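Given below, in the form of structure tokens, are the structures.
Paired with chain B in one complex and with chain C in the other, chain A is shared by the two complexes that follow.
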Partner chain A sequence: MQIDLSAFHAAFFDEAHDHLETMEASLLRIESEADDEELLNEIFRAAHSIKGASGTFGFHDIGNFTHVLENLLDHLRQGNLAVNSDLVGALFESLDVLTGLVAAAQDGSDIPENIDQVVQRLHAINADGDAPEPAAVQSEAADCETNESPTPPAASETNSKSMEQASESGADPTGGQPVETAANEQPPQSESQDDAKRWKIFLRPATDYFQFGQDALLLLRELAELGRFESVELHQDELPPFDKLEPESCHLAWTVILQTNADQETIQDVFMFLDDDSQLTITPLGQSTLTESESVGDPTRDAVAQTTPEPTTTASETEPSTETIAEDINEQLEQLSADLTTASDKPEPATTAPSPLAESTANAAEPSASQPTTASEAATPAQATPAKPAAKAKPAAAKNEAALGGRSRETIRVDRDRLDKLINQIGELVIGASMVEQDWCKVAAAETTTSMNQLGKIVRDLQEMSLSLRMVPIAATFQKMTRIVRDLSNKLGKKINFESIGEETELDKTVVDSIGDPLIHMIRNSVDHGIESPEERIAAGKPAEGTVTVHAYHQGGNIYIRLTDDGKGLNVEAIRKKALSQGVISEGDELSHQEICDLIFHPGLSTAEKISDVSGRGVGMDVVRRNIAELKGSVGVHSEPGKGSTITVRLPLTLAIMDGLTVRLNQDVYIIPLLSVIESFRPGPSDVKRLAGKVEVVQVRGEVVPLVRLHRLFGIDGAVSDPTDGLLVLVDDHEGKFALLVDDLLGQQQVVTKNLEANFQKVVGVAGATILGDGRIALILDIAGLTALKPALPMPSEEAEQLSEITETQAVDHPANPDESLATSTEPDESTTNNPERSTPQHTWA
Partner chain B sequence: MTLEMNDEGSLTPDASQYLTFTLKEEEFGIEILRVQEIKGISHITPIPNMPEHIKGVMNLRGAVVPIIDLRSKFSMPETPYNRFTVIIVVTIGDKITGLVVDAVSDVLNIEGSNIEPADKLGVGCDAYYLSGIAKNGERLITLLDMEKLVSFDEHDLQTAT
Partner chain C sequence: MSKSALVVDDSTSMRQMVSFTLGQAGFDITEGSNGQEGLDNSKGKKFDLVVTDLNMPVMDGLTLIRNLRQDPSFKAVPILMLTTESQASRKQEGKTAGATGWIVKPFNPTQLIQVVNKVVR
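And now, the complex of A and B:
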């Protein structure tokens, strides 16, 4: 069976994007938290995963590039290079290249132009790191060795990490290179003479191993590249008799004795993609020659020598059930690493070490107790002891690391369509249940309604839960903003401290996806125009470092995102001048401070005195407002000269549910988005006027607004056509207000929105549809779209003439539907009486 | 794989199955694989400013499905809907549409050799929507091109206005 790799590409890209995001998130933190080893590890892991997967799927460009990047990261990890802003800059640049490469592989866009440049930069940095490399490699090899031999790989890996971490944080005062620990410094000398070590590697792939397109031979070959095979033993004990042999299953196992100078981690990396069902044990066997045992004075080494004769198999035996155990271990490890941190402050940490072995180590290390690194030494065996059951190869190690570092929640990737279908179906269930409930009430006795209510409640809970499935935290968007602030402030030579609050605030995925660009635009504005240069700031008596804060929070069924800067505020005078020159306002207009501020949302206004490539092209804030309005949200600005400005964006929690006003026109129900509704009223006969014989207007609270006859726009027969008989709903579509004539208001309700395009097409004036409690469909009005509909249906001239009388209240029907025989059952009876008499308008008011 | 089975079944490779229905006195056929279900009429919500034959949208278990009246579409006199009015729900691509017809009559196996290309015959409705005319004994069945019929394209909107 041929496996079509392209089927997995989507998953690869998904994961690659995730990894890239992780890398970016960690990179952003690494400058300020350079001593956090886990950040580096996270970046390294992400890069490594991308490299591995890209190789598997044949994206060699990505693989090759990531390889170079990985080398650099490795140097960093081993302390050969120190984190500085230049290096972080290079890392960011390579992250961008990598993102570009992934995009290129995904949609065939161009490979980033600066790739060669970046690769050279990375090589240059790598060359710096290469010089001290041998020592570092050995120190890591030694790390592995300080663990007693039965220590399973997972534990030892974590140990070496925490050691490095501790030693590095301890070494800070000396600056530059992290100090090698006392114990570590000795073995390298002996090792440099003969650094090959022996490892016993046992591999039993899962029976379904081949079915995933894997091949154990490749693993063995890769392993062989690390060093020399002393022996390879094939275990055929599970090989079934020939007649029962399943050729697609794997029945074989191997034991390899490998001589290599590679460290344990490198060996494990070979098996990185081995699945959980496969068995893997990697056991160090000590040096290939016995020269090492002469290195007396190194107690850890002695300890290793003592334990080496027993290559253990316990690890593989406990394997299948380790996943749950591993999680306990995580907690213990966390506890221990916390202990470790405190321990490193104390000169004598021997108390934390439970085993005599550890004690001896601690004692041995005591002569150098003045060095801060001692603590980590002693704590290593202490950690190793409880970690023993975590006999898991790579997967478990990865889990441990994830739990220790990111504390990430477990997630499942679900196809968006499927999720939407599920949510839709649950919506149906709600409607179905309420229909049953209504029917039930008619026939059933009162006492049975309790169970019905119970059912109704469960169904509604279910719906609520289903809607929360679409909610995602806004953190990813904030992360992009952090990056942009960093890049921009470097570019513009401004010092900016970016704070984000409420990253965990959740909102609908669709909203999160679409809010990114507007937010980024706003933050560019803040950084470019809001925050002053350090000199200006100091001159103004403010700290040189500007602060930009973005804060997301829930309030009353809405999400608010507030962007605050402590810059110079909006330049009110400049906005005013600009608005004047653009003819947006006229000379005589008296505008309040706030009104001028609001002008920034007007199309064509940009206050930047010179156009930079950052912002200032004049297509800024009005686009932001339009984008946000499309999300059924709103945006406002508040600014104080010299103190800064605040932009507040309000967004609905979800687009799937909307508050609507249900109105009736003849027998049809329509929904007006509550967001656009200002009020509803019944006009008096004198309130309705006709201007210049054309435009109908209505007076409301002293304001004159256009009157829009919805029944005419929609060609609905039999609806109330006398405004004094029906109701007017005053709506605002951001361009202006107008009054919609409807027959009646039915109420206000939350509706689940569905689009018409799914099976049909977009309809002008209709934003979507929803299903009412009785199973019927009601259309949701698109208020802004209605205005577009108005000129499309010019009033018949004949009709207009008759209407030119002041205070018209005639029931003149729209001349649609000329053939009365076409009327369907949904159409009203009255229409048959109205239409034939169209030429002689009927006065309905009495 | 299953599709092929349905397509051929026990028939000769050339034949396909058609669902036939009547409008006025004429008999029409559509490929049965397009048919999702047949259901009675329920409440149809009109859509504003649509051609006459697009009656509106109907709730089909949560999906908002447009309803086309084929009598109206083919400029035949319309009859009021009653409880015998039938909607054939068809799927074209990933879109679902309901077609209002007078009555569903049959499922027929029609051999390719019995189908005349549409352009040879003048029929009582716009030839644009026809894929051919099938002979079944004495009966003549007009086969409809579903893609064109429910494409909601310009041609579609023009014929109605």
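And now, the complex of A and C:
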């Protein structure tokens, strides 16, 4: 049978990753909860599963390595080794190697360089575990030794096979019985006898043979495939009288003379599943004499004496084909089972053959009509439950089957693309429904409104549900953080207690995947730069052990991840100096503590005094901020000198839907992500200025920001070109603020984002598109992208200062003048769009 | 009448592989991702073969085999257990629990079918 195993690779990698995660999670707990046996079992089970499957799918590197690891874990389970930090360290190292091996198998990357080193380390530890234990556990230890001797991975396969045999023969009772009883037992015979072409095989299955699903006929058939039967003898000597016959027990025995080229081992293999209570002798019949084992009180002898009158055919005479002989057996058995059937007929006239033997023979023989079905149904021993007619059992079974259909507790892995398509399609449905709703309102009668509302609600519920499909708990990311804190604190000689709260908090899979790196960067910072060394901490009157907490929670359609440490806080003076030297701020700038803290997100500002391989430098929090901004989230820092820092990341629940500010330019509608919007206002004529005759700027409460004419960027004719006639939307792309000129604000709404790139091409300045309730398409602006489009505006600080001098009198450091606010209250409702995240008060300049 | 098999393994990839291979060999497949699930899913059905992993969460393979053998309709059904080399001593345990035979991991589809042919026609 040709089956392409690569079809199962995806599933294998999926579950390997799951197992690796399980192992990591349990390892992280094992040091502190060494008593919890279940932890070890979990790790063992995970390793064991990886091992079993990796070999099957041909990933031998993984299999070999896991084998060594599994030995160590087994020693731990057996108590031969004790959990200590060195060992846990080795296990973590192994986990990393294993992760690397899985990755190597998955995407062809290099296998981990330190694999040999780690294998050596594991071997060394295993050797400790192999050391014989005194007295009581000796046998157990010995068992381990045979099984778990540190073999190099390459040799493990062959070795383990011999080990298997060794341990099996140890477990099997060989006793002083005259016949070989164990199915797999290798009789102590010399190699030369394997050359014998004729074998005498005697088989007497145990009386309970059929109860374990065994079938002697299959054995004989398999045997027949090895060569040719010279003769087959059925021994019925132990068959009890019919009235004492137990139909489910086996009372038969066979002697077969087999001509074959197969060696003894192959013949033994046929009977590999035979249980110990069965009798089996395999005797090579040399050209001449009988072998020893046969002559020693061979029960076959006696059996042969009482055999059925079936004539013994010899090879020399007729040379019947194996098939004929097999058929002979069938016939024989059939005949016998027919006898049995009639004999056991009396208790239940309705059922034909309550014997599995009957079933097997009936099936094997030429189609004996209805017999297979009835026989197998009746195989249920009616003796045990005599009152249960077979007819009744069947509908009940069908019912059970039906009930089972709806009871699957399995999780289903779904291809991400398919899921995205489904969610996308439901997004379309939402849009479609709202279009219908709008049209409906124009024409429909009042009595249909209820049903329309009902439909709308269902559609919204459906959308919510579809979005939840992509939601996964953040636990896996937290686990990575736990690991990093552990590794780093060991490396840096710091004592750190890591707490994670809200692991079950769910967010979009895409967001979870992308937030891992930024979070890890931040936690590295906390451990490396935030938490002081134990000595420093004690000197500062703090507990020697630092605490790093990560806390995830939902709030108002967003996920917050808060990372807190009780370290020394941001070094405000260092940040300031750095910023000065980089020209980010100037000498005269009066910056508040918070403003200085915020500078850590400025590109190129890393304050680590020495470059460490832990958090590096240069690419720092600015990259973190950019990554988070790409996820439509934001990040902020709060720090108190000597007390610690808190970094708060806010992320949208999903990327598929976002809050947007809809604006109009002539006939076109655009959407500005609400996250970027600070405020909207109408400038006075004196607020708009030109710098160097080229660049337009606008003044917002003392701050000078570039003015971007959207209509010009996008080439829209007929839009408002005089800023004092239109409205300006002040946006912030984290690198700076600027104002967008639009005709009007239409409102704020949730939009389902559509990827423009996938459907058309990447357009600079446009993040995507959406379909509005009325069916029109609106482009979603990419604020960061617009920065690239807008006229170059270096904003040299001198010019800015000049400008601020001119307008100094107008600068307002305090919030809006109430009169002015009042004056603007006539603005349409839609224009009062203000990001709730920001404390800047809504203000419109008249 | 097609044959039917119960395949129980907590490893999705292994379960898929075994199920697919047996499916190709003409078996109708019922699956379970652990002993308990296998037991639940087997209720009311009849099988010609059971293939089960041993090491599983919730309910392990041996417990499943013992449970199945309690059920009269499973009395004569061949039960194969999936085992790894290091579990040699468990074969005996498995036999005692009522397993018919075993398949040593790693194995390929051909080997699986070979072993299955030993116990099912």
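Here is the rule we go by: the second predicted complex is superposed on the first by the 495 of 846 C-alpha atoms of A that agree within 3 Å, B and C clash if a C-alpha of one lies under 4 Å from a C-alpha of the other, contacts with A are read in each partner's own complex, and residues count from 1 in each chain.
One rule holds in what follows: a residue touches a chain if its C-beta (ideal position, glycine included) is under 8 Å from a C-beta of that chain, and two chains touch if they have at least 3 such contacts.
What you are looking at is a predicted structure, and each value in this text was computed from that prediction instead of being measured.
Visitor: Look at A:Asp14 in the shared chain and tell me whether it touches chain B only, chain C only, both, or neither; answer first, second, both or neither.
Guide: In the superposed model, A:Asp14 contacts chain C only, not chain B.
Visitor: Regarding the shared-chain residue A:Phe760, is it in contact with chain B (first), chain C (second), both, or neither?
Guide: first
Visitor: Report for A:Ile771: first if it touches chain B alone, second if chain C alone, otherwise both or neither.
Guide: In the superposed model, A:Ile771 contacts chain B only, not chain C.
Visitor: Per the contact definition in the header, classify A:Gln214: touching chain B only (first), chain C only (second), both, or neither.
Guide: second
Visitor: In the superposed model, which partner reaches more residues of chain A, chain B or chain C?
Guide: More residues of chain A are touched by C.
Visitor: Quick check for you: in the superposed arrangement, does A:Ser592 touch first (chain B), second (chain C), both or neither?
Guide: neither
Visitor: Name the contact category of A:Glu222: first (chain B only), second (chain C only), both, or neither.
Guide: Only chain C is touched by A:Glu222; chain B is not.
Visitor: Using the touch definition from the top, say if A:Lys51 reaches chain B (first), chain C (second), both or neither.
Guide: Second partner only.
Visitor: Under the contact definition given at the top, report the residues of chain A touching chain B in one complex and chain C in the other.
Guide: Chain A residues touching both partners: none found.
Visitor: For chain B, which residues count as touching chain A in their complex?
Guide: Touching chain A from chain B are residues 42-50, 52, 55-59, 61-66, 69, 72, 77-78, 80-82, 95-97, 152.
Visitor: Within their complex, state which residues of chain A touch chain B.
Guide: Interface residues on chain A, with respect to chain B: 424-425, 427-428, 431, 668, 713-716, 754-756, 758-761, 763-766, 769, 771, 775-779, 789, 793, 821-822, 824-826.
Visitor: If you look only at chain A, which of its residues touch chain C in the complex?
Guide: By the definition above, chain A touches chain C via 1, 3, 5, 7-9, 11-12, 14-15, 45, 48-49, 51-57, 63, 67, 70-71, 74, 143, 147-148, 160-161, 163-164, 167-168, 171-172, 210-215, 217-219, 221-222, 248, 270, 272-273, 275-276, 356, 359-360, 363-364, 372-373, 376, 379-381, 384-385, 396-401, 404, 407-410, 413.
Visitor: Can you list the residues on chain C that touch chain A in the complex?
Guide: The contact residues of chain C facing chain A are 1, 10-14, 16-17, 20-21, 24-25, 33, 37, 40-41, 43-46, 53, 55, 57, 69, 72-73, 75-79, 82, 84-86, 88-89, 91-92, 95, 98-102, 104-110, 113, 117-121.
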